[in-house]
Structure formats: C-alpha cells, structure tokens
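What follows is a single structure, and I will ask about it in a moment.
Read from first to last, the chains carry the letters A, B and C; within each, the first residue is number 1.
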Amino acid sequence: MKIISADSSAAVLNEKFIPLLIVATAAVQVSPPYREANSFLSEPVFASADNGHEVIVHEAELCRDLMAKVKADVVHLDMSLGAIPLEELSPIQFSNMKISGRAKQHLLKILPRLRKVAGEITQKYGVQVLAIGKESIPVRIAELTSGANAILYACDKAISEKQSILLGLPSKCQPKVTENRVHLYSLITAEHDITGYAEDRNGILKKVNINELLNPCARGFRALRITPK
Amino acid sequence: MKIISADSSAAVLNEKFIPLLIVATAAVQVSPPYREANSFLSEPVFASADNGHEVIVHEAELCRDLMAKVKADVVHLDMSLGAIPLEELSPIQFSNMKISGRAKQHLLKILPRLRKVAGEITQKYGVQVLAIGKESIPVRIAELTSGANAILYACDKAISEKQSILLGLPSKCQPKVTENRVHLYSLITAEHDITGYAEDRNGILKKVNINELLNPCARGFRALRITPK
Amino acid sequence: MKIISADSSAAVLNEKFIPLLIVATAAVQVSPPYREANSFLSEPVFASADNGHEVIVHEAELCRDLMAKVKADVVHLDMSLGAIPLEELSPIQFSNMKISGRAKQHLLKILPRLRKVAGEITQKYGVQVLAIGKESIPVRIAELTSGANAILYACDKAISEKQSILLGLPSKCQPKVTENRVHLYSLITAEHDITGYAEDRNGILKKVNINELLNPCARGFRALRITPK
C-alpha cells in the first residue's frame, strides 16, 4: 500500500520559547516498510502560529500536487478524526466527536475548502483522503520531512536577515547534519528507524552555526539556535 | 513477590492493516527483577478480533492452569480497573468507573465466568486475582510472551496454508530471531530490558522468510510479513 | 533564560510496592541547553506519601532559598496548571480547571502558604513563579536531582537502621553509580541527555549493595533494593 501524506512543522520561537511562525509544509509518498519518504514536495510557509488550522488546507493541496507526480493508494491528512474519509466529514458529525469547541469552529471554517481539494483527489485518482492524523506513520514522516526542510529554510532566513533564529523542532526528534543533507530522526519509542530529510543543494549549512538545546517549557521538544557565521 | 499473569496478543491483519484474528494467549510466572517469564503456558487462539473481550476469560483459565504447576503470590489480569480484586468487582461498581458503555456491556457479559475462575484460584491457592491491566509489568511480559509465540503459530499457519501472512505485533516491540528462539523486545521507554520469548522446537523458522515493517495506520505498532520459502 | 525549579521524588516502598514515604526534595538552577543542574539544594524529607501535596510548599521554599544564592529569570513549580503565574492563581480559577475534586481540596489547603512564598520571590527578585509542572524540563531535572540524592539518603537510612530498603525511583529513569557520584538518567524519549546527580561525600555507596528491579505494579517505575554490607 503506497500512501501520500502531508504535514507542517517547526516554528520560529521567541526568547521565551513561544511559537511565532510555522516554518514548513511537506507532502511525502511512502511505501513499505514505511520508514522514510520515497519522494516529497516541501515549501517554506512562515505562517502565523495562531493560524495553525489554516495550513491543513495547504497540506491537502500539496498532497494533490504530489499525487500528480507519483502514485498512491490512499491519502493521510494530519487531522486526528479516527481515520474517517473526508467526503464523509460533515458539520453534523462534529457534534458526535470528542473535539473542543474551538477546534470545531476552526474545522467548520476550513471544511468547505478541504472537502473541495479532497474531492478533486478522489475524483481524479480514485483514492480516499482520510482524516487519520496522529495514528498515521506517513503523517509522522511528513512531519519529520517538513521539519528537516524547515531547518534549511530557517538557515536561509538567518543568513539573509543576518541574525540568529531560535527554531523549535517537531515533537521528539533530533537532527543530524551530514555534508549536504539534514536528517531528522524520530526519538519516539518504536520509531527509531523513521526519518525525514532535506537536501542542502546551495551549501547553506556551511554558512551557519547550529546549537541544539531542549525547550525548557515544552517537554519532548527540542530547539536549534541557528547563527550566521 | 512472585506473580502470575496472562495476556493475548498479535493479530492476523488484512492488506489494509485491519486486525482479523487474535493469534495467541500466554500465561507467565515472573519474579524479581521482573524482566522475563520464569515459566509460561502458551496457546494459539486465532479468535475473531471483534471478540477481544472474550479472550480474557481464557486468560484467567490459563493463569489457573499455570498456578497448578508453579507458585505465585498474586495473579494479574489484563483488565485496567485500578488493581481491584476480582472478587470485589460487581456490576454496581462499574457505574463508578471511567469505562465506556460498550466496555461495560462486554464486562457484564463475561463477569460471571471471570469471577468463577478467579474464585477457584483464590479458594485453592489463597491468592488474589487483580484487574490491574496496563499498570502491570507481568501483564506486559505476558503480552510479549504471547506475541513471541504468536510469531511461531503464524509461521506454522503460513507454511500449512502455503500463503504469506501479515502479522500485527503487540504495541511497541520488535522481534529478534536466533537459531531456535524468537525474542520479542519491548521498545517502550524504561522497558528496554523486558522481553518475551518462544522456543522453535520444530524448526519452523527455517521454513519462512520474515520481513519487518511499520503499521502505517497505527503508530507504535509493527508488523511482520511472513512468507513460506 | 535561567530557570530555578524544584521537585520531590523517590519513595520508600513496602514489599507490595506501595509507597510509604517520599524521600527527598531538591531545587535546581538550569540554563541552556537545559540538560542538568548548574547548582542545586537537596534535602531528605521522608514525609508520608499520603501528604504528597504538602511537599509543594517546601519545594517553593527551597526555590526561594536557592534564589538567594544564584540568579534566575523565572521559577517553575511542579504543579501542572498550564504555566499560570502563582499570583494569578485563585480559588475561583480552580473551578475552570480540569482537576479532580480531591486535587482542588488539596490545592485550596496549601494555596495561602504557596502564594506567600511565591509573593516573596516575586517581590524580592522580580521574577514570576509558574505552575507549569509536567511541561517543564527544569522540573524534570529537579525530579532526577532529588531522586539521585534520595538514593544517598536511603543508603544512609539502610546503614543506620541495619536493614534493607526498597526504594521506588522517579518515573522512567535509571541510576548509574560511579566512584563518588550517583547519576539518575532519564529514560523518557527525547530526554536521553537529561540527568540529575548527587555527590557521595561520605563514602556511603561503598557500604551498601544496590540491586535494580522493575516495579511490577507500576509500569515505567523502577526500584532499588538497598542492603547494608
């Protein structure tokens, strides 16, 4: 079973470790044994962290774009609604779900656009789009892939703005930088062999210093202090 | 303190990773430092995954059978009800517990049979039977032990039916196959030294190929593709 | 950002692994990358495990004492109330919080004393005291630091009382004893580089045997059997 999935991750933090901007979105295609992306699309977003729910629409669009390039049997979106197909998702159903009032409001706002994109995917490629979220390994791989690419985007930003950036990484992962790649390894139990990566085609990594620290106010989260050389 | 415990685990999955059949039940006896079974009884069950609650009765019976062979000071069942003794468990108490309506119905259905077996154990051996479930390390060791034996049962089935099987493993564990043993190691934090095992007395492991993959739709779960050679 | 934090941990257990006495309290000062204490104060408490909520007041006092010696920009207490500043914490607010009736009663009882200590800290040093609890890495470092020191206190007790002690460790950690130090390493995912330590200035460690085992009735918790030589 080949799966396409998307997620957004990594955040520019202020000095009190409060998230300001979501940095990147990535769509990935994965196949057995489901350990990393076979291919992916990644984009810098730098969207306000307050509009986290809005990026889901963009994630669905990026899945659609990747679908045009590589095959998949199903699409996984980062919405934890019990793996329900998006076409079956209606405002009436929300009332039966264990989600907060605020989350429901956000969902209602983006649902028409989400269903439109999901409908296009299902019509054109005959595959279902599932709101599976945190139960999905492909969603986690998308999270790590967008996080790895977010490191490159943040380095770029630090260089062009000539100032250091505090970058919050996705939950429970740790980067490893090689010559021209950034790998982001999951630290979650039973995910020790799952990773996302980004390719540094422009030699950005050589122009910065990167120091890793723990986010003291959010257990499980690590951050990078990225400083232009 | 010596503890006897039982659990059922591992599932035959369809190609969409949906569980069809629960594969094995095992009862274990453990003693300090509580890392693996001193002795165990294991049985293939291949019971419908929809009747998961029914296997608990069989688990209690297997504890009783093991009790006849080796000593224990207490019995742990895989029911997460706050370590309450089964003799104190009554339908009235369920109303005070944080369990879903569906779980309550299932419990009510099996409770008379469960209490009968627990009563036999307490009467004959003078030890309590606790509904401790997920808080119990011996229950975890029973889960890993039944999972390790399930791998052998699934290999047997794949060989005799001459077709490959997709076997879902218990949560957060990973198998290691040696010459004539299967060990199932826990990947849960702070359980790195806990394991279950099965002995391959009939040379089954040499007749199959085993490939490990991640269950893409259930984070924390791994699966094995078992193919007859 | 420099942070001062405190926590109490480790418990003397009976032979059924039931906690009887909380062993130690420690306050720590940590700074980036937030991996261990720069400096700390530690005290044996051996307080009844039934009065767990009472130790929080002492934890706040120990933060105040450490504040008099080393700088910090904020204080983290082990109360999981969403990082709310203690000065804003009022009985009225409790009604909006998702905490049990019993926890509310305990909180109400200690709140006047807690607010008094927090007020002293804020007035004298101009820093906020946050009820952040389990989201805080410094609280975890305080937990591991008090746990490491608790091992020494328990060894001391075992020697002076000439009998073995079963010591329950903090959640998900493992001790490593070197010549004259005890390190307590976190086993939680993404905390592999976090540790607390204690210095054995009196050569206590050479006078005992220490055996590690798993707490069979509380998953994630390990225990030490400490026996005088």
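Operating definition for what follows: a residue touches a chain if its C-beta (ideal position, glycine included) is under 8 Å from a C-beta of that chain, and two chains touch if they have at least 3 such contacts.
What you are looking at is a predicted structure, and each value in this text was computed from that prediction instead of being measured.
To the nearest 5 degrees, please report the angle of the rotation taking chain B's Cα atoms onto chain C.
120
Same or different: at the chain A/chain B interface, is the fraction of residue numbers used by both copies above or below half?
Chain A vs chain B: different; shared/all numbers falls short of half.
Averaged over CA atoms, how far is the centre of chain A from the centre of chain B? Could you give it in whole Å?
Inter-chain centre distance comes to 35 Å.
Two-or-more-chain contact residues of chain A, please, as numbers and ranges.
Answer for chain A, listing residues that touch two or more other chains: 188-189.
Residues of chain C touching chain B in their complex?
15-17, 171-174, 187-189, 211-222, 225
Okay, in this complex, where on chain C does chain A touch?
1, 3, 30, 32-35, 76, 83, 132, 134-138, 140, 188-194
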